[in-house]
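There are two complexes below, and they share chain A, which is joined by chain B in the first and by chain C in the second.
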Partner chain A sequence: MSKLKSLKGWLYLLPAILFLGFFMVYPLIDVVMYSFEEGYNFASQSHFGYGLYNFKYVLHDPYFLQAVKNTFIIVIITVPLSTGIALLISLGLNSIKPLKELFQTVYFLPYVTNTLAVGLVFMILFKKTAYSEGLVNLLLNSLGMSSVDFIDGPYWAKIFVMCFYTIWVVMPFKILILTSALAGVKKDYYNAARVDGTSKFRIFYKITLPMISPMIFYLVITGFIGAFKAYSDEVAIFGTNLNAAGMNTIVGYVYDMLYGNSGGYPSYASAASLILFAIVFTITVINLLISKKNVQY
Partner chain B sequence: MKVILKNLTKKFPNRNKKIKEDVIAVDNFDFEIPDGKLIGLLGPSGCGKSTTLNMISGLEKPTSGRIFFGDDDVTDLPAEHRGVGLVFQNYALYPHLTVRQNIIFPLQNLKGDKKMTKEAMDAKADEVAGLVQISEYMDRRPSELSGGQQQRVAIARALVKTPRVLLLDEPLSNLDARLRLQTREEIKRIQRETGVTTIFVTHDQEEAMSISDMIVVMKDGRLMQMDKPQQVYDDPQNFFVAKFLGTPAINTFDGTVKGEKLYIGDSAVLDVPGVKDGDVYVGIRPEGFIPDKNGPLECDLSAVEVMGRDTSIVSSHPAMTVVAIRSIILSEDRPPADLTKVRFSLKPYKVLLFDKETEKRIYFDIK
Partner chain C sequence: MADLTYEDLQKIEKRAKVSGSVSKTVTYILLTFWGLIVLFPFYWMVLTSIKSYSSYNSEYIPKFIATHPTVQNYFDAFTTVNLSRYFLNTVVFTLLTTAIMMVVTVLAAFAFARLDFKGKNITFAIFLSLMMIPTELVVITNYVTITNWHMRNTFAGLILPSVASVFYIYLLKENFEQVPEELYKAAKVDGTSDLKYLIKVLIPINKPTIITILILKVIECWNSYVWPRLVTDKETHFLVSNGIQEIRENGFGRENIPAMMAAVVVISLPLVILFLIFHKRIMEGVSRGGTKG
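For the complex of A and B:
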């Protein structure tokens, strides 16, 4: 009886297990396998043996190191900035009454806009061509500064555009989450604080911030993960040859190793993606430890 | 600190935007709360009690009228400068702070020469915590406390700045029945010990009757009566107050006065010297009936209920305006159960007459 029952249970679970097995567990194991296979030949689908050579190669590849540098810069700049600006905008949205809904919609628009379309707009803003300087350069010129080539120019200019773009794209979601978190703080807390003569800054720092801290940590953690996985945004601005532009990311490097011009190296790609996994995992664990210490209710 | 409200009015714009007329939450409120008393603002839901409290606290601005604390006009003073302590219905304790941090929160806001050292704040917090008897929970978080304990913390936080006026919004409504009894005694004790003028809002008449020095009865934003609790019960000034106070509720009838006699139905039930002829509302308190074989008021008997020390007779009469007449009598007066009619005579001071037009009390001389 009980045996039959448990058999029935497994039967119900079977579709999910099969699905996850084929499309999640097997590829995961495969990636780990690939990353240790040395001298893999794409044409003959054969390899010499197992070892750490792929990791060694990837870690010494200047393209990979550049990609790691780019990714880290994007993560370190965009995650705190986008969360901070989103918090400021949400606080503003929360304290105005007229036109609140209109502004909420406006701020949410980038979220539902296609990445490539947004990329095109950024091109118009920043790209310097033979015919035009780009809108931002026109603005710089009118302020008496010389033009900068943001798309094909110096590294800092490209990083600036990249971070600007990333922040702009990820912010709507954060604003959405934070405005609803702010709206969820009970009015009585503010009234109680008001009666007690609490200053605006102290109300924010001592009441609002702790109350919405679980949401902020959620946004920071998902923000980190999202920024480490950045790739499509870079393509939208700098095109598919990211190595040439010096703006590749780790995920971009993995893609190039698989399908790019230098493609056909699944072993290197697997090793690189495992390294990315290790980085994201470490940072998420650190985040969770910090949040456990600070979000206390 | 004496609290005086002068012609206080609060209007809100109507939620339904098609209706241009404002909703009047508080209408021309006028009363004076003596220093050091415990005052209950009593009325049915939506009568403007909480709005009145919020205006006293400074969280809401009155549309017109003035508010005085003693001789100070505080009407235009923001909440933080009025020196009020406010306890919210759901306590509004900060969940991420410990009990101690919650209590010293108002002290940490003090600036300038009022600024306190950490030791002084802790000492003050310990003092009020002792007063409300929560000293052993100082390091817990609000979520680790029972409802009654949270209530005490909220009161401690309101008291820590030694406010001029303490305001409590429905302080007992989130507690279960047993805790409610206990806590209302606590509130009275704390008020006695601190001597701070305290105003609390409630819709529960028993709560208001049991602990207040004075009751303010409100209806539709208007002051109905302000008096000592027993006085409001014995001597209501209008029909609403008579009906609102008392459990079981007062029994009401349509009556007529003719030749200084009160008629309920066709029978003259009471002499009412000095009352002009005309139709009146009659209210008779449950304890105002005496079963009497020769009594003038004849009712159809429905049931005799014995509950503990009380015996009540449930009966009906064609002229009544309640669902059933409920009278509480002495058990030895209990009528035999096989009767279908019961006759009462009435205690004159338990019979209240009200004008049919104005619903105001009509007084008569009791012989």
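For the complex of A and C:
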């Protein structure tokens, strides 16, 4: 291999290496440094020393604890629910012929829309204002329930809207993946089972589910990761000041620390983001271990 | 065992058919129900955007049709707030980011797929491992870097950290490798330069994948919110996502929801049109490995 040839390869790679080096590899090292630098000052870019103070501060910050609580609620509610509903819908889609493509296309629409923009529509549908109860509340009233302010009201109501919107946003991807997984299951298996007179539920439990289990686990794992990083959907509904709404998430806390109303503490932001990364990493490893035991490839 | 008569068989078949059509009907009803949940917000945003301010506020029970449709809100959206500015910024940002990303990605994918050089395998392994790095982790330093480079509120600051994408390099490399290597060798014998081979042969052959990557990146850019929010605090460089938050918090003076919805429609429209044209390609591209966020 001539030197010139080797140089050429690196030349083609150079732009990618520069971009990744500056904006991914270096930041990765830097963020760890920041998180241990105590008393970092943004203006003078200096600090006193190294230690665990930033982590201690973040872990004792009530805003952070609230953010952790909110994030875990989002994860625990939306991941199983969205995966379950997506599975039901995909099974339904897979059992029909006419209109199947139309349904599939419609279901995918939220994927390409701007979450910030559509979140405003959700806010309006759920919001109670001086001159109108809002559409959802009118619906509740007509069912004999009293109205609730979902945007500025009680905690559970806000959680409900947040989870509802999150599920609405993540569904397209899950339905798409599951329908293509289901379409990939060989018809022979079903026909054989049908000849044997196997019940529908048993077919699902014994054939379909094992066959698509890798994809379900893929969705669960990516779903966990995505839900832990929830942020934009919350901003879309509750506005940028999530702390005031009591609806902040861990990622939101990181950004608020970096910039925003409390602004300018990259050390705290780094510590918080490393804590988030540790949580996500642990959960993903656990997920992978469980999937190794249960998934049939 | 008693023999089944023809009538018995018919009865069984009929019963199966009835239960089949019942479950079909239930399936269709449920699927339609979810379809309505998906479409309703879009319907509501368009509907509200064509109601006048006074009629919207006078409807205690909102009407499901607009009795006196108006386009006044769209005029307001473009004149009262800086919507056209946000829109134009986003177009510039999206086009530039996607274009630079594509050049960087094609060059890197070609190097990995066809060129031989020292340290190629280890570099590729490092690239792959970078796919696991969440953006949340690197955003902090990038914010400090861009601030130190005095690039806040500039297009360079918006674009530079959004360019590199390991996943697309990986995807394109896999595609490039599927093109028979004989073509490359033949081109070499003919004295064709690498760059010429890349532009004249490899790119045209892999056009479908490249278009898919372009579309996915455009969607990502159009909807990006977090990074633009961090590095811009002047309206002159707001993108639509930040613009809509600005409109929500400080726009239109009073709570003018119809005008706000007009802005939302304008912002959503480009991607909806893109989706209607390319929905097959987009869905295929996403199922091949795209994730959201």
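By our rule, the second predicted complex is superposed on the first by the 278 of 297 C-alpha atoms of A that agree within 3 Å, B and C clash if a C-alpha of one lies under 4 Å from a C-alpha of the other, contacts with A are read in each partner's own complex, and residues count from 1 in each chain.
FYI, a contact is a pair of C-beta atoms (placed from the backbone, for glycine too) under 8 Å apart; a residue touches a chain by one contact, two chains touch by 3 or more.
Just so it is clear, the model here is predicted, and its values are computed rather than measured.
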Per residue count on chain A, the busier partner among chain B and chain C is C
Practice prompt. Please indicate which partner A:282 is in contact with in the superposed arrangement: first for chain B, second for chain C, both, or neither.
Written response: neither
| query | After lining up the shared chain so the two structures overlap, which partner does A:231 touch, if you call chain B first and chain C second: first, second, both or neither? | reply | second
Taking the superposition on A as described, I'd like to know which of chain B and chain C A:266 touches: first, second, both or neither.
second
Original post:
Does the superposition put A:211 against chain B (first), chain C (second), both, or neither?
Top reply: first
With the two complexes superposed on chain A, say which partner A:192 touches: chain B (first), chain C (second), both, or neither.
first
Inquiry  = If we overlay the two complexes on their shared chain A, which of chain B and chain C does A:258 touch? Say first, second, both or neither.
reply    = second
Chain A positions within both the chain B interface and the chain C interface are none
Per the touch rule, the chain A residues reaching chain B in their complex are 186, 188-189, 191-199, 202, 206-207, 210-211, 296-297
Per the touch rule above, chain A residues touching chain C in the complex are 1, 5-10, 12-13, 15-17, 19-20, 22-28, 30-31, 34, 42, 88-89, 92-93, 95-96, 99, 103-118, 120-122, 124-125, 129, 131-133, 135, 138, 168-171, 173, 176-177, 180, 222, 225-226, 229, 231-232, 235, 239-240, 251, 254-255, 258-259, 266, 269-270, 273-274, 276-277, 280
Chain A partner, complex, touching residues on chain C are 23-24, 27-28, 30-31, 34-35, 37-39, 41-42, 44-45, 48, 57-62, 103-105, 107-108, 110-112, 115-118, 120, 123, 127, 130, 133-134, 136-145, 160-161, 163-164, 166, 169, 194, 219, 222-223, 225-226, 229-230, 240-241, 244-245, 248-249, 255, 257, 260-261, 264, 267-268, 271-272, 274-275, 279, 282-283, 286-287, 291-293
Contacts from chain B onto chain A in the complex sit at residues 57-59, 78-81, 84-86, 88, 90, 92, 94-96, 105-106, 108-110, 141, 143, 157, 161
